[in-house]
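So that we are looking at the same thing, I have put the structure below in structure tokens.
So that you can tell them apart, the chains are marked A, B, C and D in the order they are listed, and the count of residues begins at 1 in each.
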Amino acid sequence: MNKRRITFLRRTVQILCLVMLVYGGYIFKVKHHTTQQANLFPALKAPEGYISTTKFDRGSILWPSGDNPVLENYPPGLVCRFNPRGGLFKACIVHFISENLTWRTSFKYLLPHLTLFMLLCFLFGRLWCRWACPIGTVGDFLTMLRKKMNIPSRKFPAGFRNGLRSGSYCILGTSFFISALIGVPHLARFQCYWFLPYCQICPARLICPIFGLIKPGWKDFETAITTMFTILAWLVLGIFVAAFYWGRRIWCHLCPVGLMNSWFNRGAGVELKKISVKCNKCGLCTEACPMGLTEMFEKKTDGVFNQSGCIMCLRCVEICPRDGCLSANFFGRKIVESRLKK
Amino acid sequence: MKNIIFTILVSLFLLCANAEENRFVIEFEYPQFKGDFYVSGRVSFPPGAVLSDKNFSVHDSLTQEEIPVMVEISEKWPDGSILDASVHFAANSSRRKDYVLSYGEGVNRSRSFTQVSTLPIVTASIGNSPRTEESLDMEVGQLIVKVDRSVDFRYYWYLLPMFGLLFLAVCRARRNSKS
Amino acid sequence: MKNKEYLREDYAKTLKFFSKGKDSPEIPGNSEAIEKYRKLSGLKETDFFYDAFLKAKSTIPEKEKKPVAGYFCNTVPEELLLACGVHPVRLCSADSHCAECGEEAIPGDICPMVKAACGDFFHDFNRMMDLLIIPATCDGRVKLAEILSPVAKDIYFIDIPRNTDYLENVNIWEKEYTKFFDYLKSKFKVKPARREILDACVQTNERTRMYRKIYEARAKKPGIMNAFDYFIMANSSFFLSPAEWTEKASLLYREISGREQEPGRKKILLAGSPVVFPNFKILDILGDAGCCVSADVVCSAYGRLYDPVEIDEETESGIIRALSLKYVAPSICPCFVGIDKLINTVLDSVERYGLDGVIYYNIRLCQVFEMASGVLRSVLKDRDIPFLFLKTDFSKEDTGQLKTRVEAFMEMLG
Amino acid sequence: MEIYAGIDIGSVTTKCVILQGKSIIGKALVKTGIDTEKCANDVLDMAAGDAGIKVEEIQRMVSTGYGRRIFRRADRIITEISAAAAGGYILCGEKATLIIDVGGQDTKVIEVNGKGEVLDFLMNDKCAAGTGRFLEIMSHVFETDIQGFSQLAIGSESPVAINSTCSVFAESEVVSLIASSARKEDIAAGLFRSIASRVAGMVRQFRRYELTVFCGGGAKSQALKGFIEKAIERPLIVLQEPQFVVAYGAACLAR
């Protein structure tokens, strides 16, 4: 009913990111290399016919010199990382660290990626979750569907949200533990199917390849372990769909990637500020918060109130009808502030 | 605070778990006859470990003398790093030696050969990695783990901005929580 | 006979008796007051609002050809009434004559606003309209509902918890408003679609937007519109439909935005009890002392029109929640818990518009307003903002004393 | 030397002070009658006679008080609050922070800053509770005048508790106390204490009352002064002729 500029901008960015992450490889038409080994992780499987499975281009890899762009070696459907080897940034930090733990790659190879990850987190905090995350975009479509169906959203108590956060820590810890265990010499002979344990059950595994018209390995029941992971993945997908359908962004409390992003949230460059004397305690900020956070409403002093749960969607800033009560800043410079919608 | 401790623990964990392994002992049985022969072995690498065929070499384990090697790459990882390669080098059965294959970024082979004579071939096992059509069991348990002590500034300078960012983030977080 | 159970109808006869001889819809003195204030106004476009007041009582129910629902207080969601095709009319009255009439049914030391509301009905039982909605905000209104129920066509009672904390009570508000909406649907036999509620929200939001423009223009340029015009304009939203009000107010806004401010006027924030026509006694006194009411936080103008409906989710439940967040949560009425909202609003207005002082107007016997003033006084004193507390009622006997205070306050401001 | 006059037309008495430069050369006090304007003119004439000058010699006149608008000859009209602040401030010097004025119709507590400007003030409600009028009515009950009533109160050792400060209800309470054979002194002291606690309640709202000036007709009562001092735990400064402070302030403001 009103012009919602931030929502419009955010949706545009979300769709752009979805397109770029899923079809970026096609768009940039870069060469890439893969082998049949890709079926280790079914979501990574490239479409038939597009990638030569036997031939590879010798000598095209120049590492770490700068002439390989971010999106080089980018197979479609591979949303979890922009560049599997050597590129600048791997989108999914959980995937990236798990993989490095499994292969016992030298710590030094981690450093550039970690630095970039930290830099992005330091600048934007959890901005990724609401503005770029492709499965979040998919989830938002589910939320839109619910709104069209006139079904009210569920509100969850703070205890439930904290529980999800603890669950997120558990998932992250378990995932890294298993990944590291595979790599320990003489300890266990894990099969390769065990590796990237979180990625195997991540909803992106089943969702994202659909956009790339790739068979996502929906029924990977070859061995006991793959069967287990497939069943788990379906379960998690069910939770994901339910969470987005009824609970808006309640899923994001459980997502371990978001968790790792959120560690930098309180000190992030994107800051949300509140001038509490202008606040009339109407609660719209909490009502509109997709994460269901209440701190911003409860806060009684002025200042920055980035919380670890906040995904920087700026919905609160947008909806607040009080002129100048809430504002989004970037390193102290005001970007947008709340006002009555024209 | 909880988050910061957790971050530090994870970082330590990553540091400990990521000890570098860059040497294989090449195991083969010396033949009964006396004279020259070729040792030939197939070796698999984790993704990202070896980028070019220049990046591994074979040494005499005692004298550290480099042995000329011929390398044939048979398969690569999706990122272009070497998955699987065959290594050939010449040996002599009169002088028994242990051979070590080093690989990694820091290694740059200077001696190689390409001409293949008709010497007998002894198959060696380097890094035990049986593989089938669909799977690759990489027996990382067979690797000899050694830490490369050579500091590679090309990577480690990243620690500087990392800690800088961490410091800034913590400072800002504390300032924000105070206000 | 003595042991017979009490029924509401028993009291109806008494009420009808009270109304005897007063059944003209015109309240004596109102039209004179309107003409008096109209003369003081230097604006063309305010004529519509003055005329609307003259015709308010007699014409609205017929003109609209719609069912009419009367309500008290700010916490009744107009949008739901509009969506059901009902014309909402806020009945808050502040007429001293009506208050005297009301004393027959409500004796003693009771808030004159409640008495006036009661006396208003004795004048004209047509004002009962098709439905009378009374929210449980202050005690006087709650009892008023009971007193009037024998003669009212239909009374609906909205029970709102005293605590306006969003986190604790949003579900209760939603439940209460949903119940109210269901009642409206069954009473008027309509089934409004979601789109219709949204349209009603758009209408009231347009009104809010226009009101805010005028509010800010007045606050920034003192003297472009006098307080009588402003309150007549704000009060006429009690009975005008939002669309009509917005249309006329936009003309008024165009007129006032072309005017120049009067330099050297002291800007005052008026807080406290509602200022409702014809009880402009406080405005008369302030005007005589030469102070300019630049901003206000009273519930008959600011409290009613300042906040928009912001809908997050356009589901029915989402809309109803959003309505409760417009009407209940930001309420600055001291009947509710949340004095910090009132104080913050006052502090913010003073800072934002550079106001010189705060005058807190309290209708005698409204205890909650008086109690809130003590806290406000102390907070403003800490921040060196001049504050004046005025306690009065509808009668004229204390005018001289109040004038002394206001004049001294103006001398104090320099 | 220029001559100024300040006229304070109160509800009980009308006061006039004539200043020459900074010194008071004449003053007068009359009871406010039914014709307020005549009363004001009379008091001005009396003050001029006291000063030994003609009324025409007065350069500027300032009227204040409850009847300030009735006196049309005034050059300037100010409220008694500003006048009391100015008077109390000039008479007591810069350290005065608070001025209590117990007048006939109302009681005012005024906070002043170091420049003699009003910072804040409180006034009692429209009813007579806590004002000079209340004392007057009560002194009638005891068949004496205010001074005698005050003296009566000073003689008390244990004042009775009187709850009502409304003049009508207090009177009936007093009557019933007399009937129950309480001491007259104690009842009088109780009445003074009830007013004093009311004034003290207003004073305490200001939170800074280090140096408090007590003026107005009520200040002539020693008993009231004593009880207020006890309630606020600070000494009060009472000027020599407290009734003229407002008129003096008005005259000063005429300069």
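By definition in this document, contacts are C-beta pairs under 8 Å (C-beta built on N, C-alpha and C of every residue); 3 or more make two chains touch, one makes a residue touch a chain.
Please read these numbers as outputs of a predicted model, since none were measured by experiment.
Asks: Kindly list the shared contact partners of subunit C and subunit D, in label order.
Replies: Chains in contact with subunit C as well as subunit D: not a single one.
Asks: Identify the chain whose mean C-alpha position lies nearest to the mean of all protein C-alpha atoms shown.
Replies: Answer by centroid distance: C.
Asks: Select, from A-C and A-B, the pair of chains that is joined by more C-beta pairs in contact.
Replies: Answer to which pair has more contacts is A-B.
Asks: Determine the centre-to-centre distance between subunit A and subunit C, using the mean Cα coordinates as centres, and give it in whole Å.
Replies: 49
Asks: Any idea how many Å lie between the Cα centroids of subunit B and subunit D?
Replies: Centre-to-centre distance between subunit B and subunit D: 100 Å.
Asks: Could you tell me the distance, in whole angstrom, between the mean C-alpha positions of subunit A and subunit D?
Replies: Taking the average C-alpha coordinate of subunit A and of subunit D, the gap between them is 76 Å.
Asks: Averaged over CA atoms, how far is the centre of subunit A from the centre of subunit B? Could you give it in whole Å?
Replies: Those two chain centres are 32 Å apart.
Asks: Considering subunit B alone, which of its residues make contact with at least two other chains?
Replies: Residue numbers touching two or more other chains: none in subunit B.
Asks: Give the residues of subunit C that touch two or more other chains, as numbers and ranges in rising order.
Replies: none
Asks: Could you draw the chains as nodes, link the ones that touch, and say if you get a line, ring, star, complete or other?
Replies: line
Asks: Could you list each pair of chains that touch, in label order?
Replies: A-B, A-C, C-D
Asks: What does subunit B use to touch subunit A in their complex?
Replies: Answer in residue numbers: 3-4, 6-7, 10, 13-15, 17-21, 46-49, 51-52, 73, 75-81, 83, 104, 133-143, 145, 148, 152, 154-156, 158-159, 161-162, 165-166, 168-174, 176-177, 179.
Asks: Which part of subunit A faces subunit B closely enough to touch in the complex?
Replies: 32-40, 44, 56-61, 63-64, 73, 75, 83-86, 97, 99-101, 103-112, 114-115, 118-119, 121-122, 169, 176, 180, 182-187, 189, 191-193, 262-264, 266-268, 271, 301-306, 308
Asks: Please give the residue numbers of subunit D that touch subunit C in the complex, ascending.
Replies: My answer: residues 66, 78-82, 105-106, 117-121, 123, 125-126, 205, 207.
Asks: Which bits of subunit A are touching subunit C when the two form their complex?
Replies: 1-2, 146-147, 150-153, 276-284, 286-288, 294, 297-298, 300, 315, 319-321, 340-342
Asks: Help me check something: in the complex, which residues belonging to subunit C touch subunit A?
Replies: 164-167, 170, 194, 198, 201-202, 205, 208-209, 212, 307-308, 310-318, 321-322, 325-326, 329-330, 332, 338, 340-341, 344-345, 347-348, 351
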